[in-house]
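Data block below; observations after.
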Amino acid sequence: MADRSILRVENVSKNFGGLVALSEVSFHIEKGDFFGLIGPNGAGKSVMVNVISGLYSPNKGRVEFDGRQITGLRPDRIIREGLSRTFQHSTLFFDLSVRENIMMGVRAMADMGLAEAILGSSSARSKDKAIEDRSQEVIDLLGLEQQAEEVAANLPYGLQKIVAIGIAIAPKPKLLILDEPLTGLVAAEVDQVMGHIASLNQQGMTIFIIEHNMRAVMNFCSRIVVLSFGNKIAEGAPGEIQRNREVIKSYLGE
Amino acid sequence: MFMQMAVTGLVLGSIYMLVASGLTLIYGIMHQVNMAHGVFFMLGAMATYYATEVIGLPYFVALFAVVLVFPIIGAAFERGIFRNIRHIWLAGYMATVGVWMLMEGLGWQVFGTEQKAVSFPITGLIRLPGGAVLPANKLWVGLIAIAIMAGVYYLVGRTALGRQLRAVEQNPRAAELMGINADRAMAKGFALGVTLAALAGGLVSTLYSVDPSCGSTPMLKAFIIIILGGLGNVTGSVIAAYILGFIDSFGGSLLGYQAGHFMGFGLVILILIFKPSGIMGDE
Amino acid sequence: MNSRLAPYLTALAVMAALALVPPLIKFIAPDKWELTAHIGIKILLNVGFGLCLWMMLQAGELSLGQGGFITIGAYTTGILVAKYNLISVVWLGYLAGALAAAVIALMLGYLIVHLKRIFFLLVTWSFAEMLHPVLTSFEHPFGGAMGIIDIPAPEGLTLFSESWTGYYYLALIYGFAVLWIVWRIAGSKVGLITKSIGQNDTLVTFCGLYVRKYKVMIFVLGCFITGIGGGILASYLTAISPETFTFFTSLDIIMFNLIGGMGTMAGPIVGAVILSGLNEYLFAAGYWRMVVYGLIIIFFITLLPGGMVSLPAALRKRFTRKTKKQEVGLG
Amino acid sequence: MRISLKSIGMTVKLLAIVALSAGLIMSPAMTGGVQAEVKKLKILSNNPFSGKAASWGFSQDRGVGLAVDKVNQAGGIKINGETYMWEKIQCDNRYIPADAVSCLKRGVAQGAKFMCTLGGAVTKPQIPLINKDKIVTIAAIAGGADFTNANNKYLFRTMPSADLTIAIEGIKIYKKLGVKKLVLLTADNVLGHSDAKTLKNALKVNKMSDILVAEEFVPIDTGDFTPVLTRVLAKNPDHIEGGAWPAAGLALLIKQARELGYKGTFTNLSGAPKVGPLVKIGGKKNVEGVIMLRLWPPDQLPTQAFKDYWAEYRKLYKQDPGANSWESYMAFMHLSAAVEKAQSLDPDKIVAVMRDLKIVSLLGELQLIGKDNPLLPGYGINNQYTSPLPVTVLKDGNPIIYK
């Protein structure tokens, strides 16, 4: 299919025991999109992200990324296809420095072998250099120079979120999935984080954001999908979604 | 011979169940792997020995004294050592190892190296159909073990203390919000586990002999059982105890002692690899 | 001084200092040499074992089966070079022992690597326990309850007038080789990955790294190195039996890390030095050994959880707190 | 590769700590040992002081200890005009072969030229070192020519070997009892396995091989014998030989066999268990009629010296002495006398004197046999102590002389 879509989710269903978390959800994201996924608590948003990133395998349906089916692949393989994700609760390597955190995201990390690490061969040195260069790039990009050597646990919450994004973008992903990146942030921090995300999008990275913060989603997203109790109830531009009666009903209740 | 093996398996299973009960309870409530279990078993056996053979109390009075005294000892250990470190799993584990070494070492000092014996008051031999025989003391110890286990079920399932323990087990913080003092509940749980270990020592050691290391073999068996049954799963450990009893009996009779030993640990590894929640675990 | 060379130079200096111990002691107190050598050998081998476990600990899991891997290394060496004389070069016997330990670690590790914490601890412990009945039950090839005797010293050790010196230098090289390997890994990107796995393995997965591979890799490497140590011990002891390396051997290796402190590489080294030295003296104390052991464990767990390496910091904290209190009292 | 200044500091500190600790650990090795008013002769007590075999270890250690005190109280021994005092150094080998080797290395390192130890399992791996370092060793081992032979000049056996106990006394007893179906149920260690070998050989020589219906080996720390007894009792034996057990193991074995309805007889030819715990744990009724070697009934001690020894041991340790306590006591007295007679500390001279020296000790004349002795095939060297070998049977909880 020679379309512009980078991620296609087709008829994905997921049950936990008797509980239906997702039922027959389909949508697709196009290259360069700033795509939003919203829905009330328990709508199945996080389950959706976990299915896409390979943490759960769906009971039914398929996920295609960049023209290739990724359902059933190991999570680390999916990531290496060029898809990155962050986690809802700011998840970092808290005892490592910011620089080390970001290094962990760099793709070349996966190529390091044990023997070359011990012997410090020239190939190991060049890989080391590639990793260090790329992490420096990310640090510059996110404006973390000041905090680069600081231990992640000591950073303010907003910066921790940015470091998490840094880990995710270090491998230069084609698609970045952000699972509620704004939870627990104060207004100034929200702007800072969303600013970084928007500029990544402007540089051509496809963004897929799951968020509760309506204002941010409506302001930045180009297209939005709404989930409710595991069903897709709406899809469209922010304006359409805001007017959609189903959406209003599911958010406000009856 | 089959009958005899089956009877032996049942008796061993009951003994193992009793020995494992305290261990599984402590894991269930505190998520603490108690390496000092064997030492509390030994202390129970030693206490019974001193009470009966040295002081001269009747056997069941001595056992009753164990039930009265060991909750205090258990609570003291919990308060003194384990309370502050129980949230770090490794610290908890190693601390129990420390208590084990310390108490067994002191045991060799105080009790000496000569093995001692406590005799069970009921003796005799019961002949069963199929040519099997069952010593009366083993029958009684087995029956008492089952009664104690029933008591544990009642205590955990039906009493206020049991409700507290279960609440703390599931979520200590939520239990605190409900007005349960988690610290105190855990101390009670630990004391209960220690008492069960000591009681097992007082009962089971009458079948064998008493010395400062007499708890190590029972503890090894108890560990196999609680892993097979799923850590902290009381019903699972009861079933696992009988499984191990039959493995030891049939394996030992048909294949020799070492084979039974090997099979026990082999089963443990298989269970841990393929079903870490144990034979009764869900998932 | 070039900053890259500094650690190497320091290590070399310490190694050279330790290498000078034999002639020095033989000069000042020749009658004490054997005892010193014996303790030194034990310490240096244990430093290796402790560091291997520390390396695995970085990935978050604690093995209580290292005694089992020492046993595998020792037995493989013993069977091949002593019992059946299949290998005439003892050094190759060590290599075979290490390979056997690594292969078994690979198979076991692949199966158990998904287990965490207490489950990993229990499964490695069960594995080590299971070796005992196997070794005891089979006269061939394991030698049954008797074990294996007359395990020869490696070639080249005869260059030294008495075997103590030879084994001392062998253990010295072993200890520092392990130190070098573990230090190199800890400083490398693989070390960073290992440390990250210990903190948050899900996130490592979502960095595109296959956690299982790294955990197994570290486990296998640790067991390989431990296996070599087992071979050396087999030669040194000249005889091994199923009871030679027990649960307590594995426990000791954990205790090196516990007593020294798990935070830095210095921890297991300091722990191994203190505990294995102490252990040798406690042999004479006989039955007080367990009491002392128990007290040490309880002391470190409850009062100094950061281990010996945290002692200066802990003292400083204590001291400053006290002076502060005094100031308040005076004010 | 990027190394921060901090990490260099860490490494330096780390290595400094190591060096310092190493120095601390090794420092005791370098101090002391200067005071030399009284010359010391060190004997290493390489025995189990913890674990299931600890009662054997203490028994042996105390026997040697009493002998050491006795010699020292008498003013030590004089060699070439200089007075030497004995000193016993202990090392707990936990009955683990490798620990025993470690202990021996420690002992050698501490300057011990003599040793007492016990158990074939732990002694066997020590033999190469004993021979190399010429450690004059008195050891309680049952195994035969594997231990006592012309290659092992420095190893002396304090207890009667299985060639004397099982092969001679044992066969006599079996014949007397009229054993038809014999079961050997012994410990899964070297002692057990070597007993089994000796027994099978002896049965073959006496053309009685067909009476052995089963042999079983179980670990020495076994508590429940029921499964393995079920297995052997299915063969309807009329006699069980429980070889290498300490008291508790033998007692449980007998008790549980009786509980399973076994009516036959028992012997225990090599363990020499203590009678007190045996009767206590096994039950007086169950252990009635058990036949054992090497045990003396307390009221039938043959000499006054032995009575005094018994009384002194009881006074000190509040229990009856075990067989290997007086065996090692006698052997040490002999060893000490030999050192004095040799007037030298050269191990070769000492062992040469030992082989010919006869002394009178607790049980009368004590001497070494083994060379050219048809009863001890393949020994070829006089390294086996002999003294009267009692056969006792338990009656009413007390041992009495059998026959």
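Order of writing sets the labels: A, B, C and D. Residues in every chain begin at 1.
Throughout what follows, a contact is a pair of C-beta atoms (placed from the backbone, for glycine too) under 8 Å apart; a residue touches a chain by one contact, two chains touch by 3 or more.
Keep in mind that what you see is a predicted model, and the values were worked out from it rather than measured.
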item: Chain closest to the assembly centre - both centres taken as Cα means; value: C
item: Two chains sharing the most C-beta contacts; value: C-D
item: Centroid distance [mean C-alpha coordinates] between chain D and chain B, Å; value: 35
item: Distance between the centres, which are taken as Cα means, of chain C and chain A, whole angstrom; value: 42
item: Geometric centre distance via CA averages, chain C-chain B, whole Å; value: 33
item: Averaged-CA centre spacing for the pair chain B and chain A, given as whole angstrom; value: 49
item: For chain A, residues contacting two or more additional chains; value: 120, 128
item: Where chain C touches two or more other chains, by residue; value: 136, 287, 289-290
item: Residue list for chain B, restricted to those that touch at least two other chains; value: 108, 256, 258
item: List of chain B residues in touch with chain D within their complex; value: 1, 4-5, 8, 11-12, 108, 113-117, 119, 125, 133, 135, 138, 207-209, 211, 213-214, 216-218, 248-254, 256-258, 260
item: Of chain B, residues touching chain C in the complex; value: 33, 81, 84-85, 88-91, 93-95, 97-106, 108-109, 220, 223-224, 227, 231, 256, 258-259, 261-262, 265-266, 268-269, 272-273, 276
item: Chain C partner contacts - residues on chain A that touch it in the complex; value: 53, 74-76, 79-80, 84-85, 87, 91-96, 100, 103-105, 107, 109-110, 112-114, 117-120, 124, 127-128, 131, 167-168, 171
item: Chain D-facing residues of chain C, complex; value: 3-4, 6-7, 10-11, 13-14, 17-18, 21, 25, 28-29, 31-40, 43, 136, 144-147, 149-150, 183, 187, 237-241, 243-246, 264-266, 269-270, 273-274, 277-278, 280-281, 283-287, 289-290, 309
item: In the complex, chain C residues that touch chain A; value: 181, 184-185, 188-193, 195-196, 199-200, 202-211, 217, 221
